[in-house]
Each structure stands twice: as C-alpha cells, then as structure tokens.
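Here you go, one structure.
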Amino acid sequence: MTDTADPILEVKNLVQQFHVSGGTVHAVSDISFDIRSHETLGLVGESGSGKSTLARAVLQAPSPKSGEVWFRGHDMTKQSKKELFETRRHIQTVFQDPFSSLDPKWTVRAIVREPLDAYGVGTRRQRAEKVDAILDMVGLDPTSFGNRKPPQLSGGQCQRVAIARALALEPSLLIFDEVVSALDVLTQAHILNLLEKLREELQISSLFVAHDLALVKQVSDRVAVMYLGRLCEIGPAQSVLARPRHHYTAALVEAIPLPDPKNRDERRGNVVAGEVPSPLAPPSGCPFRTRCPAAQALCAAEMPPLTSMGPDHFVACHFPVAENALPASVVTAAAA
Amino acid sequence: MATAYLNTTAPRPNVFVAFVRHPVVRVIGIRLLQAIPILLIATFITFALLNLLPGSTASALLGDGASAEQIKALEIKLHLDQPFWERYWTWLTAAFTGNLGESLVNQQSVTAVVLDRLHVSLSLIFLSITLAVSGAIVFATVSAKKPGGVIDRIFTFISSLGQSIPTFVFSLVMVLVFSVTLSLLPAIGYVPFSDSPIGWAQSMILPVLSMSFPIWAIFCRMLRADLIDQASSEDYVQTARAKGAGGWAVLIRHILRNSIFGLITLVGLQMGSLIGNTAIVESIFGLPGIGRELLNAIHFKDIPMVCGIVVVMVIITVLANLAVDLLYAVLDPRIRHDSRS
Amino acid sequence: MNKFSRIALGAVSMLTAAALLSACTQGGGASSSSSPAAQVAGGSLTVVVTGGNGTMTTLDPIAPANPNSDMKNAIFGELFHLGANAEIQPSLATGYTVSPDGLTVTYKLRTGVTFSDGTPFNAAAVKAAYDRALNPANGCPCLSTFATIASTAAPDDSTVVVTLKKPSPAFMVSISGTAMNWIPSPTAEAAMSPADFGAKPVGAGPFTVTSFDSNQKLVLAKNPKYYDPAYLDTLTFQSIGTDQSALASIQSGQAQVVEGITTFPLFTQAKAQFDVVPTASTSVWLNQFNTISGPMSNPLARQALRYATDAQGINNAIFEGQNTIANMGVAQGLPFYQATVPGFLGYDLAKATALVTQIGGLSIEIMETTSTVGQKVAEALAAQWTKAGVKVTLVAPSLADKQAKIKAGSWDVSTAFMGSIDPAGSLGYNSFFGSGQPNSGTKDATLDTLIQSAASELDQTKRADLYKQVAQKINDNSDAGFLFSNQTFNIVSRTGVVNASQPVRWMDWAKVSVPASK
Amino acid sequence: MTAVPELVLAPTATRRPSAFGTWLRLNRDLWIPGVLLALVILACFLGPLVLHVTDPLAQDLESVNLPLFSPSYPLGTDDLGRDTLSRLLYGGRTSIEIALAANVLGLFFGGVIGIISGYRGGLTDTLIARGIDVLVAFPSLVLLLVVASYLGPSELNVILAIGFFSIPAYARLARAATMRLRGLTYVTAAQLGGQKDTVVMTRHIFPNVLPQLLTYSILHIGIVIVIEASLSFLGVGVPPPTPSWGTMISNGQLYLTTNPLLLLVPSAALVITVLLFNTVGDAVRERWAKS
C-alpha cells in the first residue's frame, strides 16, 4: 500500500527552538521522517509535545532553527521567498479551530477562491466554477452555502470550508493540524469519513497531526509518535498500534478506549503517571525517562537513537517493550 | 547551579548582579533606557519646530518697532545666528550633564526654574489623578450596581458633562461659585506647603477639581462599562453569585478588582493630555507650575526653556507609565515574570 | 448610600472649616466710604496683572522684554516723572536744561540718594546705566529711540551731560518708561549674574525686591531710604493668564487692583462693584492701507472703506463706549493731539456703497492683530465693510509674518494701533507712514519731509504746525482710517485702596495706600 | 456551538414586517440616540438651508446681546449683534466637520501604522511602537501650539493638528488588535495560501480591526469637539469670524456673568451632541463586544 522508494517529503534532523524570557523552549529536537506518495502519516503526541510546531516548521512558518525539509527534491529551508511561494502551492494546510481559521468577514466562496486568486489560477469564471465544484466535493451545497459567512456556519461546516480551501490548488501534500479535535464526536466522524473519501478519490499524501491515537489509527498508513519534541516511535499503523515498542506509545495505546466494556476499567488505570517536564528544561538523555516505568541510569545519560524493530518500524528506546508481551502486564511488571 | 555551590572556588553570586538581574529592576532599567531615544526625538522635534517658526526670540522680545539691526544684534547676543543643529548639539551635550541651558529671555538657568516650578505641577497632576481615580471607582461601582437605574442615569449624565465641558469653562464656573459667590476658596494664587499647609490646600482645591473633572468622567465611563460587561459575562462572577455572595461583595471583591487593570492602563494613556491641561489650569489659577511657564516660553520662542520643560514632561509621562506597569505587576501576580515586549 | 452620604457630609464640613479659616486670614479690608480718605503708611496691596504686563520675564531695565513700567518705576524710581499731560516732572533728577542748539541735555541729580544696597546714586551710576543701555550687544529695545545719543558724561556727582547727534525735541518725553529713566546700582549689576540681576536688581526706587518668580509673582517691600517714602509696606504683583480669573481675584477679595484687562465685556460687571480707572492713552486704533500696490492703491477704495467704517458703533459694541474717537495718530491728552481733523471722512454707508460700485467692486484682506480684542475689531470691520459690498477676508499673521508681508507689499489693510508719547517716538508717524518703514504702507516724499522736519524742529509752535500738516496730509490722502483711542483700564477696589485713581500713565505705587486697619 | 448557527440558517425570517417592530423594541438604546444625533447633524448641515436663518457673520451693532426669543433672533444675538441661532447651526457644522475629519485622519493613519506595526512585528514594530511612545509622551499642547502658530490658525490646520494627535491612540488600538488577529489561524492560512502581505493586511486584518476603531472614533468625536474649544481658548483654534462651537464657547465665557446665554447656548449644544455620540458609541460597543 505504500511506496517506500518515493518519499514526497523528507524531514532531516529538524530542530525548532523559541527564545522566551525564561530561556529557550526546545519545541522540536532533531526529528527525521518522511512521507511517501499517496500515503498518510499520522503524527501523535500530547499537547505540548511539539507536533504542531513540527507541522509549522515543515511549512517554514516559521522556518526551523536547523535541519532540512526536502519536498520533491528541493530543500525548503534554503528556498527563497519566491521559490517558497511556488512550493507552498503544493502543500496546503487545514487547521485545528474551524472558526478562527476562516475570516469572519468573507463569504465561503471568497474563502475557497482566495488561494486560486493568490496564485492567479485560470480565468475569473474558471475559478468560480472550480470553487463550486470543490464545495460540492466537500459536501457543501454551493448555492445555499456559497454566499454565507463563517459565523453563520457550524463547526463541521467551517471545517469543510477549510478543507475545500486546502484542496483548491490541487496540492500534492496536505497537512491536517488537529483538524477534528475541536469538533464534537459526531461531526468528527463526518469529517473523518470525508477525509477518507478524499484520500481514496484524490490520492493525496498527507500529514495528519492529532493528539488522539484512536483518530490517527483510522486514517493513517503509518504513525509517528512524538514526546517532548522528540520522535519516540515511527512505523506502519498496524504494527505500531498492535505491538507498540516504546513505553510511551504503549501507554497511549492503553489509553484508547475499547469498544469492549469488560476490559475498560482495568486498562484505564494505566495512563502515564506524572507530569510532562517543561520544554524549557527537558530531561537529559531520553526525555520520557522521568515518567518511564522502565527507566534506568543509561536513559539519563544517553539519548536513545532510533533503532529498527521490524519492517519500517523504528523506536527510540534503550529498553523497548518486549515484542509479543501483553502490554498491560509487562508494563506493570517492569515498574515493580 | 548545584555544582556551582559545591565548588568552593567558584565566585559567590554578586549582590549587584543579582540586583540587576531581578526582573523588576530589569523592567525599570529597560524603560529608562527606552526613554532616552524618546527624549532625543522629542527635544529635537521641539528644537526644529521652534526654529522653523517665522521670526525669532529676538523679534518676539523686541516687539513692534524694532529695526532689523537691533534684531540682528540681539540674535548675535543670544547666539541665534548659529545654525540650529549647532545650537541643538550645544544644548544636548550640556543637557546630558543636567544643565538644560539658559533662558533666552531672562538668562535664568532652565534647570533651576523647572525644578523650582515642578512641585506645583506634580502635586496638581498627582492629586487630580488620585481624586479622579477614587471618584471614578466610587461612582462607577454605584452606577454598575444597577445599570439603567436612576442613580446610574444621573451619574452617566454627570460624566458626559465632565467630558463635554472644556476645562477653562468649568474652572471659571468653579471660581464664580466657590470664590466669588461663596467666598470659600481663593480664586487665584499659590501658597507653598511649607508656608502654610492649610493655605496650600485651599489654593489647590479648585485647580485640582478642575483638572480632575474631565478625566474623572472618562475613567468613570470606562470603568462602569467594564464593570457591567464583566458582571454579565464572566464565569467567575456567575460562580461567585451561585455561591451566594451578595451583590456588593461580588461587585467590589471580584469584578472591581479585575476592572482596575483597565483603569490603570487608562491613567497611563491620559498622562499626556493631563500634563497639557496643567498649562490651562495653571494659567487660570495663577499657579507657578511648568505648564504655564511653557506657554510663556512658547510665546517668546524661548527654545531652551521649552525644551527643558518638554524634557521634564516626557520624563513624567515615562515614569507614570512605568509606575502603571509596575502597579500592574504588583496587582496581578500572573504577569509578574512575563516579559512583555 | 448611607455610607456615601456620610462621606459627602464629611467633605462638606471640611470645606466649610477651610472656608472659615480663609475668611479669618482674609478679613482685613476696612469698610470706608469712597470719599477721599487721609493716606496712612503701612499695609499691603496685591495687584493682579494680566495681558502684556502679566509676562514679567525679567526686571533688568534694559532687558528686551515687556517694560512693565510701573513695576520698574517702583524698583528703580524715575529720573523724571511724566505727568498726565506729558509734562516732565522732577523725581530722582531735580531738573534738566537743553542747550539752544538742542544738542546737549544736562540733568541735575538729587543729592544724598543711595541705592538700596547702600551705594551712592550719582552721575557716574547714570552714565554707567546709559552706556550699558546703548551698547548694541545688550539688545535694549530703547536703542532705536535713543540712537541719537552721541555720548554721555558725568562732570560731577550730580551732573549728567548727554550729547545728541542731532536736535531731538522728543528726547525728554521719550525717556519715560525706558531704561533711560531707570537707573540700577552699577555695583550690584557688576557683581551679579545677568539672571540674578534680572530677578533681584538693586535700584533707588520706593520699593525693593523681596522675591521674584518670573511670569508669576513679584513681591516688593518698602524702601525706607527713598527720598519720598511710599505708604505701603508690601506691594505684590501677581500675574494671571486670563482676564476672567483676574476679575474673580478682586471679586473674591484676594487682590485690590487689577491691571491690564483688555476684555471689555468684563467692565460691565466690574463697574458695578469697583472703580474702573482709565490710564492715559498713548496710542490709537487705525486701519492702515497699502497705498503702494494692490486694490488699496486706489484712493477711492480707501475712501470707500473709511466711509464704510462705523468707529463709534465698534467702540460701543466692543469697548463699551470707553474709547475716544480719533481722527489722527496721536492719542488724546498727548502733545500735538487734535480732536478733529478738517475733512475727516466719517461713517456714511451710502457713499461707501456708491464708491464700491463706482470702482467696480472691491475685494480685500484684513491683517488683524493676534489679540482677542484686535480680532473682534477686525471682525466688526469686516462685517461693516461687507455691508458696503466689499468682499473681506481676515488673516491673523504673527508679528514677523506681518512685517514680512508689509515688506513684500502683499497686503491690503492692516488693523493695528499706533502712537507713542511723542509723535516722533518709535511707534509714531515715521514708523507707520514713512517710506520703507517696517509698519508702513505709504511712499510719499512730501509726507516723509513733513514727518522728518517735525521730528527735529525745536520750536514747539512750528512743530505743532508741522504735525497739523502731517495729520491733514494723511487724512486727505486717506493713507489710513483712524478709529479711536487704545486704552487700558485698571480695576480698583473701592474700599481697599486710596489714591489709586491718579490720572497717570503708569500707576505710581509709591503714592498709593490702603486704609488703616482697625 | 452548533445550535446558534442553525438559528440563522434562514436569513429571510427577519424580514417579516412584525420583526421590524421587534428590532425597534430591542434596539431602543441604539436607534433613539442615533436618530437624535442624525437630527442634530442634519440641523447643522441642512438647517441653515431650510430654515432661512440670517448670515452667521452679519452684524447688527444696534442690537447686541439680545435675550432669548427676541423678534427675528430666537436664540438672541451675541456681542457683535450676530444671530446666535445661525451661528449655532453654522458653528455646529464647523465643529462636526473638524471632529469627523480629525477622526478620519487619525483613524486612517493610526490604523495603517498600527496594522503594519502589529503585522510585521520585529524591528518595524519596535521602531513604530517607540515612535508612538514619543507622540504619547510628548506634551501635545506644545506641538499643537507650535504647529498652529507656524501654520497660522485655520480650520484645516486645527483638523491637521488634532488629527495628528489622534494617531497614537488609533495606532495602539490597531496594533493590539492586529497582534491578536495575527495569531488567528485564518491569517496564517491566508499567508500559507500564498496571499501577499499587503492583501492580508488590507483584506483580512483591516476589515476585522475596523469595527473596533470605528467604535472608538464615535466616542472620540466628543473629545475632539472639546479640544477644539480649548484651542480656541488658547487663541489657536478656528480663526474668527468663522463660527464654531469652540470659538462660541471661548467667546461666551467672557460674558459668563453679563450675558450667560452666549456661553450656555453653545455649551448645551456641545453637551447634547457629546452625550448622543457617547450613547450611540456605547450601544455600538456593546453590540460589538457581544458578537
């Protein structure tokens, strides 16, 4: 299902930092991954883990502190403003808050047409037709919704408009930055269905950022897990979810509510204990060691490198979760 | 840090460094440093503008019948024949040592004159703000207790009056009522506090009332609007109400405490116009303050005097805004360590 | 609300207490009738000064600022006092003689007088003061008036000899109100910095300076060593920015005299409670015309505007009828004054309208003075001329702008006031009608000759005749339209002050007293 | 969150005739002062044309200081025998013109400066913010006096001087609002969507900042009229004979005890107008705060 030979986006050793009065926020530290053609990569992490910053750094908004972002053979970090303008045409983004991502003063048609205008695509008439076609595609009737303004729309409708806007330029890579987390469950489902439909129809590559592993599971081919600005684990969705090798991933998998009510209570007890350390002063070595049940002296001394754990599956952990172990019991045993 | 303490040879933390690094000290330091370019630009603009004006100090001083030679002679005496940037530079270098130059009109030291007059304007400004703020708190709270009620409507009307009656008219009416008709207070003049505290108080009452009425009106309107907004929208107000706290208690203990911030910001913003108003009030009441001195200096195009007073006024504004910021930090612990740019 | 009303009550009672205290400290004015009371020594007087006199920047007699004549008279005394009808009276000088050729003036000084610092007041001091004033580097505004002085000498302690470059019949009257009349102590002047000397000069007048805040307040104390000691113990001048508050200060009993009010509407109120005392006028209002270029170079246009001007109407409306209608450039009561000039063109709207029609319409610009009163006069004139069919615009240029406009000839009509104690003085005929002068709109060789010869003629009768010709010539040629006298008034408390209604040019504070307190 | 938008799905519903009555009842705080204000403005701008009042400059020195309800002078005459009613209407026109023009100037330049400063950030922002600080800290009176005496008093110069000093307040407002908007994702979306900065500023930021600036300007109008009066008092306001409420008040204060009408009439007009502007401004601000 994925074409390993042809990455559309390659991120190499990306670092992003922000200076604040108290020091430096290490938002993203040395992260490398790629996205292949027609593939969706799910990026998961708690809020504050740096996943949104990573997505923005890929878009060069703002540019990362160091590292490379290769898109179709060009390093975006070295591109001029003009080249970047051309590249961005092929990478479009859908943001988290459906309300704040749309200008309340603009009509739906104007919003969707904006990127077409900015890139001067086609004639005026062609643009208008295209806008209606895309609105149709995302499930909004252009005649009844086209002239409304965002305050007159529901959250789900807004997010459809935002998706339509992202699709207008027919991009080859879409970045979904927590697109459903602000929506209620029912709307979430509608939007996810829409995304799946689009993914099948349009064959676009995408980066799907979310804090909920369960959502990612549904739409992703591969999954990457972030913790405190670092990549913990990356691999095929099936393999990561079925056999998480990083203790953090394992905990996240545990936290997914199961449809089976019998096991629910028992599993709930196993969310990660303790608080996320401040990104101003991340722990030495492995960032997860302060909360890891399997942490040892080595974890404080050295940052574990990403190591292969199977086909296309990599984990950054000195003492990974044993393969085939029943996650719950093993974690409990290791802690004891 | 821990290792540094273990290592006995390491230099002990210097008290001075610790002081300089203290966030409050840093904020003060940065603000004062920022004041320097403001002062430079402000004095330069003043110098340049006064220089652009037609005529000169010499012709203003000599009046109608002066001959060209006389004006020329006086200009040479006052060094007005030098190019303006040269005079500015001379003035500026002296100003850095605290010497704001000599008045072109009476050769008095500008620094001495300004220092001599400053306390009058400062007490006028300080008392007016205090009165306006405390008055606004009382009136706005009473108003906001029952928006749309009779008291609220009366107060709203009075504050609109305050906003729409020019200071010079209001002070005149005050003088007519309190000095001329009732003979309660002096119409003009200033009694130094050291001469007679009671006389000082008497001579300040009407000017302070006149100065504070318009700003009181602005504060009052803003505070009332803010109080009502919060009372109707903020969750914590609903929570406090739900807990059974009474109307006044919620209003004063919760809402007012939050609205004070907006008020303090407004005080900072009003400083400029307030300082300008001192000129009018000091002229009307014959107070020996810097505002009135400024009007005279502008009339005679006494450039060093105007610049000296501008310097002092800018410093007052900067310090007042600094005080506003520090007050903010003291009152609201949330932003104490936050560096705002 | 209870809490608040209690606070309010507290505030009111505090105010009342303060008021009672103030009443105690102020209650000094004895109630006497307005009949002339015997003058007694002692007491204090507060004079509130507004307008031009209010800007008292420095007390240095030669300083280029407003003369504040009565303040300087009080501090330095006067060599010669100028009476109400411009007669020269002895004061610190006992007399003077002028040589027959008019080139040498000799003063005789009062002997035994000392400055308030104890140094002798003598001829050397007078010579030093004159030399200081005449040094161009010192920028004394008196310079232009006294440019005729060639040299000064002090042959003995009580004799000063002033040699003139050319005969100047106006010399002696022009001394008054200038640095030539105010002699400071040369010792003090040399010892003090210019700033200190400007703030606390030493003179030989009836009062000495106790304290001086420039533009704010001048406190004077009686100089017991003065040859004719003053009545008052202390005399305070308080400067105030607005006429309204100046009047309020006398109404509230804080001051006894107000000087320099130019807001005439206030006199209506003032008259009810106080004496409004005119000080003798030294200048007259006039509409000066640009006779050299522009629409006003047409004599018919000038006549039209003169016919269209209802001077008495303006006097009544703006000045409460206080001013005297003027036909020429010398104020009432001064030498060479003429109440009427033959052929003077008075108000006649019909003639004005006819003339405007005859010349095919008239469109002019009035330059007004920047004072409130000046603007009102210009407004009234504009309205009157509009009635006659003239198109009028008003501009209020600054002094420097005005002189620049006159120099460039880009003006039509200027509303101003002219005049000095002697018509040959600095704001006299030459300044307003001499060719090429800073305020002049006239270029007339005949008039120039007349003005020049009048200024240097020593024979008073001939001089009077020459000025009569000057006035006639200006009237016949309509170089200007004269309106009325320009006067200032003092407002004097009826009960608190004795002898403040002296008919003088500048109040002589040494002659003023307050009634004895019980 | 989802319930509210559903209600407005049918925009035609509010067009029913009875709905207008409801709107009137619900918005009494807005339309009553609004209509009154419109009347005041209409009276000043159209009144002189409709009412056939006398020329505000025409003097009748025979009938100065007439009281109220004098024949042919319903509001009496002033010290030069000019019709007070006529001067009040023409003066109102001058004052409102000044207030509007100065506000438009301040709003435009302040808005542009504030938006650029808030949007660009970095060095541009620092420089502009410090520049605004200078303007705020600078005693405005000095500049007003100097500028006015340099340019000479005229209505245009009063507008320029007051407009110039309205810039900092507008700039600060616009800057703060822009910085808030800049954080909103639709601005980021537009930037990433390839939109030029100028377009983002003019089409995304400006329309969203404008309501706040307009609300402030309605409240600021009253302040400007009062400043105009103070300038007249200092002798650098609208030059005579042009009437304005400021010059009328400044002239009227001379007659406070002898003919208080000359002060009371223009003051009352000023107070009423400022009150109306404030009330409308408050109502608009409330609505804006709610949305």
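We call the chains A, B, C and D, going by the order they appear; numbering starts again at 1 in every chain.
In the analysis below, contacts are C-beta pairs under 8 Å (C-beta built on N, C-alpha and C of every residue); 3 or more make two chains touch, one makes a residue touch a chain.
Since we're looking at a predicted model, the values are computed, not measured.
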Query - Per Cα centroids, the chain farthest from chain B - result: A
Query raised in the report: Whose C-alpha centre lies nearest the centre of all protein C-alpha atoms?
Result: B
Query raised in the report: Which chains touch each other through the most C-beta pairs?
Result: B-C
Query raised in the report: Distance from the CA centroid of chain B to that of chain C, rounded to the nearest Å?
Result: 38
Query - chain A and chain D: spacing of chain centres that average the CA atoms, whole Å - result: 50
Query raised in the report: Once you find the CA centre of chain A and the CA centre of chain B, what distance in Å lies between them?
Result: 53
Query raised in the report: Between chain C and chain D, what's the gap in Å when you average each chain's C-alpha atoms?
Result: 44
Requested in this report: Quick one: which residues in chain B touch 2 or more of the other chains?
Outcome: 53-54, 168, 172, 176, 295
Report task. For chain C, jot down the residues that touch at least 2 other chains. Result -> 244, 398, 401
Requested in this report: Any chance you could list the residues of chain D touching two or more other chains?
Outcome: 149, 253, 256-257
Report summary line: Listed in rising order, the residues of chain C that touch chain B in the complex are 1, 4, 15-16, 18-19, 21-23, 25, 48, 55, 57-58, 60, 63-65, 136-139, 141, 143-144, 193-195, 198-199, 213-217, 238-242, 244-246, 248-249, 251-255, 398-401, 403-404, 426-427, 431, 438-439
Requested in this report: In the complex, go through chain D and note every residue touching chain A.
Outcome: 1-2, 5-6, 8-9, 11, 184-186, 188-196, 199, 204, 207-208, 291
**Report entry** List of chain C residues in touch with chain D within their complex
**Finding:** 243-244, 263, 265-266, 268-269, 310, 313-314, 316-318, 370, 372, 375-376, 378-380, 382-384, 386, 394-398, 401
Query raised in the report: Tell me, which parts of chain A touch chain D in their complex?
Result: 59, 61, 85, 88-89, 92-93, 95-97, 100-105, 114-115, 118-119, 151-157, 162, 165, 184, 187
Query raised in the report: Which bits of chain D are touching chain B when the two form their complex?
Result: 130-131, 133-134, 136-143, 145-147, 149-150, 169, 172, 222-223, 225-226, 229-230, 233-234, 246, 249-250, 253, 256-257, 263, 267, 270-271, 273-275, 278, 282, 285, 289
